[in-house]
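Dropping the structures in below, format is structure tokens.
Next come two complexes built around subunit A: one with subunit B, the other with subunit C.
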Partner chain A sequence: MGGSPGAACRAVTERDLLIAARRRSDVLTTFFFFVIVVSLFPLGVGPQPDTLRQIAPGVVWVAALLAAMLSLARMFGADYADGTLEQLVLTPQPLTLLVLAKILAHWLTTGLPLVLIAPLLGLQFDLPGNALATLLWSLLIGTPALSLIGAVGAALTLGVRGGGALTALLVLPLYVPVLVFGAGAVTASATGMGAAGHLSLLAAMSLAALVFAPWAAAMALRISLE
Partner chain B sequence: MLQARQIECTRGNRRLFQDLSFRLEAKQALRVGGENGSGKTSLLRMVAGLSPVEAGEILWNEARIAALGEDYRRDLLFLGHANGLKDDLTAVENLRHALALAGTEAGAAELRAALAEQGLGAVADLPVRLLSQGQKRRVALVRLGFAADKPLWILDEPFSALDAASIGRIEKVVVSHLQRGGMALFTTHQEVELAGAQVRSVELGVA
Partner chain C sequence: MREMNWFKYSSPQTFYPLAGKMVPWFMGTAAVLGLVGLYIAFFAAPTDFQQGDAYRIIFIHVPAAWMSMFIYMVMAFWAGIGLAFNTRLSSMMAHALAPTGALMTFIALWTGAFWGRPTWGAWWVWDARLTSELILLFLYLGYLSLVAAIDDRRRADKASAVLALVGAINVPIIYFSVKWWNTLHQGSSISMTRAPSMASIMVAGMLVMVFAFWAYSIAAALLRVRCEIQDRERGAAWIKDLRKS
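This part shows the complex of A and B:
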């Protein structure tokens, strides 16, 4: 009786992935937003390989930040509107874990596709091979932090009018450290220095977010349902 | 046993109710009446633990519900205004996930049988988006049939948008829950008959 937290978390992730599979347009919007924003820069800046190589890390990472932002409204918005969120809060399981399961689903549908396509986009900026690999690693390590921190912002602005813009104001400043070390890792690797230090700090941020963000988001969800 | 002691609820500057006390014991149902905006939903959400109790206390088996936390939620089934269904999933998928969250494992065949029992066999595998308002409500209510292990049912307007035959079926489910020793706290604007059950009522909004 009561079920296990593991089974409940699996049910939450499975449901969100199933919904994402049914509503592919939502997932594809974020994905193509990222692809197009990144691709606009070589067109706008012009074909000077040196300039492009220099701006590439920042451009890709800023585009990833904005793409993650774009998808935050969906994380809890629909659940709030259709009543599944109050059922989630009322389950006999720790809400923190269930929120973590939702964040995992969010990362799998929005973060992971960006990670996988990024090296291909990096080619447009004439990034060398080792920098492309670092780009992939930095996004793989850093994008979970974007979903985790974003969840707190999305939960805090739930049910607030004009919540989208407010989420951006809340979350983007918190994304700054991730941006600095994510782009820094790629720059370091492109200029021949080691990226290990940057990547370690990025991993530390993701781990810290993993500990605090689900808990903070769960608290915010309870408050927004009152 | 559920007990409310002198609870009160304010929304903005308006006091919806105050000094409200009631007891709900096994095999009893409590119907909350009152006009629109008199605080019925607020009361139910407070008892479910979704809203904080501003004054007074709500006790479940002599312990405050906020202190019980997960132990209280394990004994509770709440059906709010919103059905808690995902438009893009089918009725069977919705129920399977909702029950898995509540800690009840149910196979697809079992769920189809339960849906057919409520007259929803033909729409069991359609996305819920395509269902009518009443059908959606009935899908949500199928959860009641799998909630035998939850003693306290809190139902906010369970009969809204339902036809007479469906109301009769749900009444039977609630009555058998009460006969098993369960409790029900509900609001409704319809005339319902819970035959053979002990139903008391409390009116809100007379202040």
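This part shows the complex of A and C:
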């Protein structure tokens, strides 16, 4: 893979998107997992609109966390199994950027669909209009952080015994701040307090993850491939 | 003047006997200080006029909570050194510290629950400190499971080091996020911060207990690192010589 790092990154992202398009069931599984988990809560806690409105931000965000986490195994798993990952590590391009390109593809196929369907699920929970908009915004700003932080966990657990459950154990505690501010933004907006502060902090976390996570994930990949 | 070799004890072979010599001293210190501290805690310190005798659990609780956070930082430090300089002993030290840290976190949570029941009337409240301590326990468990899941020792060292460092960066972020989450939600109806005017005998007892916990943690980590060295270096000639003698 010669050429500039930018071209290499585009090639990596396009390839991952193409694979996702050819194997749609993988993408759809995560998507429907998210929808089903959110729909289970009214069945569990009862259909009173007041209760639903109160738990909606937390429920949607926790479901987004779980869905993002479940899809992490796909980020590097297949490439690790067939040796593509080793070739990526051997290319002259900086691995950090290539990892970032893979994370971008992962977010486009798993994070973005969740963001787009979330307002519809919010309607089921009787969220008011401004809270629905905040839900959309908070997920749009926050889910990249989930893919970014998750990439580190996915890279660390490549080819390790009990990979899936282990990834959950590693990644979920690190997701806590994103959950707190993501759900907090929606709650604040629903109670009329204004969500700008929460969203700014969420954006700060996503940006910090954007700087550090691809680098840490690249280091973890090198360790896993040694 | 002869130049001092700072790295003499960075080799498992030289560190193993040194650790063996230090363990009884630290264990002894922990036992003596623990007894003195517990004597102060149960007999010398007066009963608190607000909380009654229930407050006495802080003599265990506070040192455990401090150690739980401090050990994570020390663990991340050794893991980072191991990752940067590729020194085996540093990674072994990080692995050896983790179970003690997890134990301290657990003790802090458990004693906190026992203190909370009579004082707050609840075993558990979603207070910022309690919640971040719980997440710290999860971080320890994640670290321990990652180490246990990877069979290749060198890979386990490095992978767990990356995790420990990522965790160390996250600990303050988690603490502050949980703090804001709590205050934004309901306002802290119950505060962990008591009036700072603690009787000096209480402070003394707590300090003695803190040093006892320090000594115990060091001794436990050294004991564990000795086991780890024996296990990993079992093929090495010096271990075989040691077994024979």
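Note that the second predicted complex is superposed on the first by the 224 of 226 C-alpha atoms of A that agree within 3 Å, B and C clash if a C-alpha of one lies under 4 Å from a C-alpha of the other, contacts with A are read in each partner's own complex, and residues count from 1 in each chain.
The rule is simple: a residue touches a chain if its C-beta (ideal position, glycine included) is under 8 Å from a C-beta of that chain, and two chains touch if they have at least 3 such contacts.
Since the model is a prediction, treat every value here as computed from it, not as a measurement.
Asker: Which of the two partners, first being subunit B and second being subunit C, lies in contact with A:Gly83: first, second, both, or neither?
Answerer: After superposing on A, A:Gly83 lies in contact with subunit B but is clear of subunit C.
Asker: For A:Ala73, is the partner it touches subunit B (first), subunit C (second), both, or none of the two (neither)?
Answerer: After superposition on chain A, A:Ala73 lies in contact with neither partner.
Asker: Kindly classify A:Val160 by the partners it touches after superposition: subunit B alone (first), subunit C alone (second), both, or neither?
Answerer: The answer is second: A:Val160 touches subunit C but not subunit B.
Asker: Based on the superposed arrangement, let me know which partner A:Glu226 touches: subunit B (first), subunit C (second), both, or neither?
Answerer: A:Glu226 sits against subunit B and subunit C alike.
Asker: Which of the two partners, first being subunit B and second being subunit C, lies in contact with A:Val152: first, second, both, or neither?
Answerer: The answer is second: A:Val152 touches subunit C but not subunit B.
Asker: Touch test for A:Ile55: subunit B only (first), subunit C only (second), both, or neither?
Answerer: In the superposition, A:Ile55 contacts neither subunit B nor subunit C.
Asker: Contacts for A:Val45 in the overlay, against subunit B (first) and subunit C (second): which applies, first, second, both or neither?
Answerer: neither
Asker: Give one of first, second, both or neither to describe whether A:Arg23 is in contact with subunit B, with subunit C, with both, or with none.
Answerer: Only subunit B; A:Arg23 stays clear of subunit C.
Asker: With both complexes overlaid on chain A, does A:Leu108 touch subunit B (first), subunit C (second), both or neither?
Answerer: Once the two structures are laid over each other on A, A:Leu108 reaches no partner at all.
Asker: Following superposition on chain A, which residues of subunit A contact subunit B and also contact subunit C?
Answerer: Shared contact residues on subunit A (touching subunit B in one complex, subunit C in the other): 226.
Asker: Inside the complex, what are the residues of subunit C that reach subunit A?
Answerer: Going by the criterion above, the answer is residues 135, 138-139, 141-142, 145-146, 149-151, 154-155, 158-159, 162-163, 165-167, 169-170, 173-174, 177-178, 180-181, 184-185.
Asker: Looking at the complex, which residues from subunit A come into contact with subunit C?
Answerer: The touching residues are 152, 156-157, 160-162, 166, 169-170, 172-174, 176-177, 180-181, 184, 187-188, 201, 205, 212, 216, 219-220, 223-224, 226.
Asker: What residues on subunit B touch subunit A, complex-wise?
Answerer: Result: residues 48-52, 70-71, 73-74, 76, 78, 80-89, 93, 96-98, 100-105, 127, 149 of subunit B touch subunit A.
Asker: Using the touch definition up top, name the residues of subunit A that touch subunit B in the complex.
Answerer: 1-4, 7-8, 10-12, 14-15, 18-19, 22-23, 78, 81-84, 86-94, 98, 225-226
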